[in-house]
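Chain lettering (A, B, C, D, E, F and G) follows the sequence in which the chains are written, and residue indices restart at 1 in each chain.
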């Protein structure tokens, strides 16, 4: 636990320091304010419940970012095409998706990413079930979501217990 | 010169996405679909415009600050989108349940 | 060209403000007011006053919006049990009208 | 700069001391009253010192050493010293009264002292500041703390009155600020003295003056704009009503006086003065009539304030006339200080009656409800001063007014003043009639009529203010000497 | 027409619009919004007067109005917050007195 | 029902008269401004001349914290006044008779994580605005408002900061901002002999210290006020 | 080039006015709130472009503050908007 704590403090400090450096344009004397602020942040994050959060691995992050950018580009183009098309051909529905990622930061990153994938939007979280809104009907299955989940898992260095995509339920909830 | 041209092109693309987002907001049939339009198109639009601005600025801290702005918008966009959808869905499901009883009440009242 | 921008900004500002003050539903009024605050922040940025634009962004986007929504919520007529059913006709003396479609 | 600091630094102390009191009072969990009281007493001392030191020459102090167009300059002549003096005096007496008025360590009491200190800060700022925008901030503190003080009585009506008061004074402040913005746009200065030098009588100055004065009139509650006053002044706790009626209205009136006859004198027209005078006359009659019809004691006193504000403005046409301007100014200042003492005494006494009887419905009040002869005495003297009978301060004020009105042949004004005096006599006698009504109170009132016992301090403080109003009648010559010593008119 | 004048006129329009609504509406929340709009109109007049171009077309802004407006914004926010607290309190008291103690 | 007409306290005739009067005022003001448009008066030159003596290089901050520091002190007093009053009114709020019971909707884990991620950024941005205010746009008020927003966000995710104005520490924070101004002004009166007159060499660091105090204080004052307006009172 | 950018800013302002229609027509409160979310993001974009046009780097801080505080109103809305019939 102590190692966790130390690494948590170290990563918080580093990240805050980096952001401070960005904000202050690297001005040296700015640390008069910057250091107390960072100490405040470290103190604050220690006071939070379960403040030890696992972090993405560095190389995993490098691998994930291009995928994420590409997918959000696709998502944007997709929805823009729908909006600009002369007739809206959307067929919205909800599907329920069984999460395999454990609770924690990885799961939340996944949920947030889902909203930026083409055609999907995370609408609610009920236990281990993510309710996803799809623009183009339920027929597509959930290959894209599985793929995304796997990539998030890889970024965090997790292995999913059930990697078989065909098993999960992808039933339409509401037309 | 080509850099400037590229920058303007990126900015134009960004504005197109913003336009599409606004249009989607107007044309899509329900809250959830509109949320799609907003989060995706706007975040992409802002990303392109930020890229355009990065091409024109010189200091690395400036680039990173612009990227930070974009990341913040994206993070809060994704989360608020989820929260709004969640609220709308929970209200919808409650309305579904009470709709029948309300209808029954109104019938007996009329 | 910049004049066109100015005119559009002023047009937007005036129309947002007018709508915010005349629209019937108070909630819409508040949302429009928050948006007006945003356009005002843009105007400050346009007029070379970034200090004030930051203050307006922080206040308009953050605090005033939250404050107004909180107050609006407290002014809603009390609904005790039937949560989905807005009680009709109970107009409060402060004039908070609730939304009906 | 440095050789000036010993004297003029007094001005800086006059504004920072009450603020210091407010801060200490908030910081202390219990017993916030002690720093506040200390500050009020020290403020009284400083005010006397200021009165003494303005006798030779006006004081001037540039805050932070930054001179006028850039920084804020404080400025004091005998007029402002007089206002600060009366504020300090009435404030001190009301503080004494408040010691026993609020329940110890209740949330109202803990909030009262800091708010009162902030109100004092605002009053001193308004009397001393020579900067148009600084005055705006001062006005905002003044109205916000006044509103907050009204909310100390927790009833529905009080909150309603406070809200209305708040919205009205916000609108007034914004009108004032718009005028400031126009002036800044034209002259790029906020300093009143500099503005007085450079401003002319163009359209812009007229518009700015009109806006600023309109905003201030709203806060001063001149006739058509008085609608918020009766509820707010009647609904507030007694010491707060006394402060509002005696001091807060006077501060905004003082600003109108400064703007109209000093800073933007070139833009002020004869027509405008006449209009204000006319409104003042209507206010005298209207306020008195409403006071005659009032159901409750505090309401009656509040309406009487509307009438008394009318006298101040009725003098405006005379102030413009060079033949009688001096006497008219004397009359204005006398109205202000005599009314401050008399109205303060009236509200404090009314508070005593309210506590003793448990209500203040005039129809149900009897002599038996009066706490003691001291309160009765205070009511009577204050009433006589409000009517304007000799030998009180109110009489001197009216005498000066009538004299100058007759000298310039403003018969209509003299007529209105006499009529106002008669009406005032009528409503004051409504109060005094209660005091001599020894019939038993209505039976229905019996159980609740036994209110709390009113402490001696509360009764004596009311009497002191009333006696001050009386003393002003005897001390007219020395007081006016103090005032005229070094007045800078136009 | 110069930019400064254009925005000054816009500020006046906002002020009058707010004033009109503040005087005619009876809904308190809206009246508070209207007063805020009035304030923004006045601020715009200040900021517009600070916006000036030098002879060579370089933007020179006068910092004093900016500082004044910043102070004004803080004051406006405080006043709005106080008004909102009072409105809420009033609503609670009046609904309690309408329905009686429950 | 609450139709638009029921919302107006003024009869139609009065409203149209008022509208005409306001349009008239607008025309007069517009006309006056039109004629004034070429005046171009400003204090820019004066400020720029004195800027080196102010201790900071952002002219707006110089005006706010040095040339017109008295205004700023009073402005903080206004905020303080409102926070204290709102706190008192909130304290007086009794059990909700007409108020709905506290929200039963659970806080989404996503909102919690948003708070967790965003709060450090908000603190950093606030500190940055505070620091940068000396030379570029920014300053105590902006910083305080951002910090208060972090508190508001925490409030919504069910992790309220401590906000009871009866707490000694909270009350100290409330008076900290105004107090810093006042104490420094009085100290300068004692040291240099002039109220609010900072020695040029120390002005920069001195102003930064005052601004830091003001930032914390502004944040707490705004947050306390916000909690007083929130439904359900200031207790979580 | 500046002219192009100004043209783009004008277009962005137009999309703001487009969004106004959604605030106005609703139908649900969430829709109105969504539109104001749109205004927030568009506002950030406009400020970034304005910073390019006028070469004022201070404007980036305005955009940063807007971006960081954007979720506050939306979260407040979700917390307080209560229920409604759709």
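Just so we're on the same page, a contact is a pair of C-beta atoms (placed from the backbone, for glycine too) under 8 Å apart; a residue touches a chain by one contact, two chains touch by 3 or more.
It should be emphasised that the depicted structure is a prediction, and the values quoted were computed from it without experimental measurement.
Hopping across touching chains, the smallest step count from chain A to chain C is 2. Shared contact partners of chain C and chain D, listed by label, are E, F. Here E-F and D-E were compared by C-beta pairs in contact; the pair with more is E-F.
Averaging C-alpha coordinates per chain and comparing to chain C, the farthest chain turns out to be D. Chain centre most remote from that of chain A: D (centre = mean of CA atoms). With centres taken as mean Cα positions, chain G sits 48 Å from chain D.
Separation between the centroids of chain B and chain C, computed from CA atoms only, is 20 Å. Each chain gets one centre point, the mean of its Cα atoms, and the points for chain B and chain G are 10 Å apart.
A straight line joining the Cα centres of chain D and chain F is 30 Å long. Across the assembly, chain E contributes 8, 13, 19, 25-28, 30, 49-50, 59, 61-62, 64, 66, 68, 70-71, 73, 75, 77-79, 81-82, 84, 86-92, 94-95 as residues in contact with two or more other chains. Listed for chain C are residues 2, 48, 50-51, 53-55, 58-59, 62-63, 66-67, 70-74, 76-78, 83-85, 95, 97, each touching two or more other chains. Listed for chain G are residues 16, 28, 33, 35, 54, 57-58, 61-62, 64-65, 68-72, 75-77, 80-81, 83-86, each touching two or more other chains. Against chain C, the residues of chain E that register as touching in their complex are 3, 6-7, 10, 13-14, 17-18, 21, 25-30, 33-34, 36-37, 40, 43-44, 47-48, 50-51, 59, 61, 66, 69-70, 73, 77, 80-81, 84, 87-88, 90-92, 94-95. In the complex of the two chains, the chain A residues touching chain F come out as 12, 15-16, 19-20, 23-24, 30, 32-34, 36-38, 40-41, 44-45, 48, 53, 103, 105, 108, 111-112, 125. Across the interface of their complex, chain C is touched by residues 1-4, 6-7, 58, 60, 98-100, 129, 137-139, 141-142, 145-146, 148-149, 152, 222, 225-226, 229-231 of chain F.
Chain D meets chain E in the complex at residues 70, 133, 136-137, 140, 144, 147-148, 151, 155-156, 159-160, 162-163, 166-167, 170-171, 174, 177-178, 181-182, 184-185, 188. Across the complex, chain C meets chain E through its residues 2-3, 6-7, 10, 13-14, 17-18, 20-22, 26, 29-30, 33, 36, 40, 43-44, 47-49, 51-52, 55-56, 59, 63-64, 67-68, 70-72, 74-75, 77-78, 92-97.
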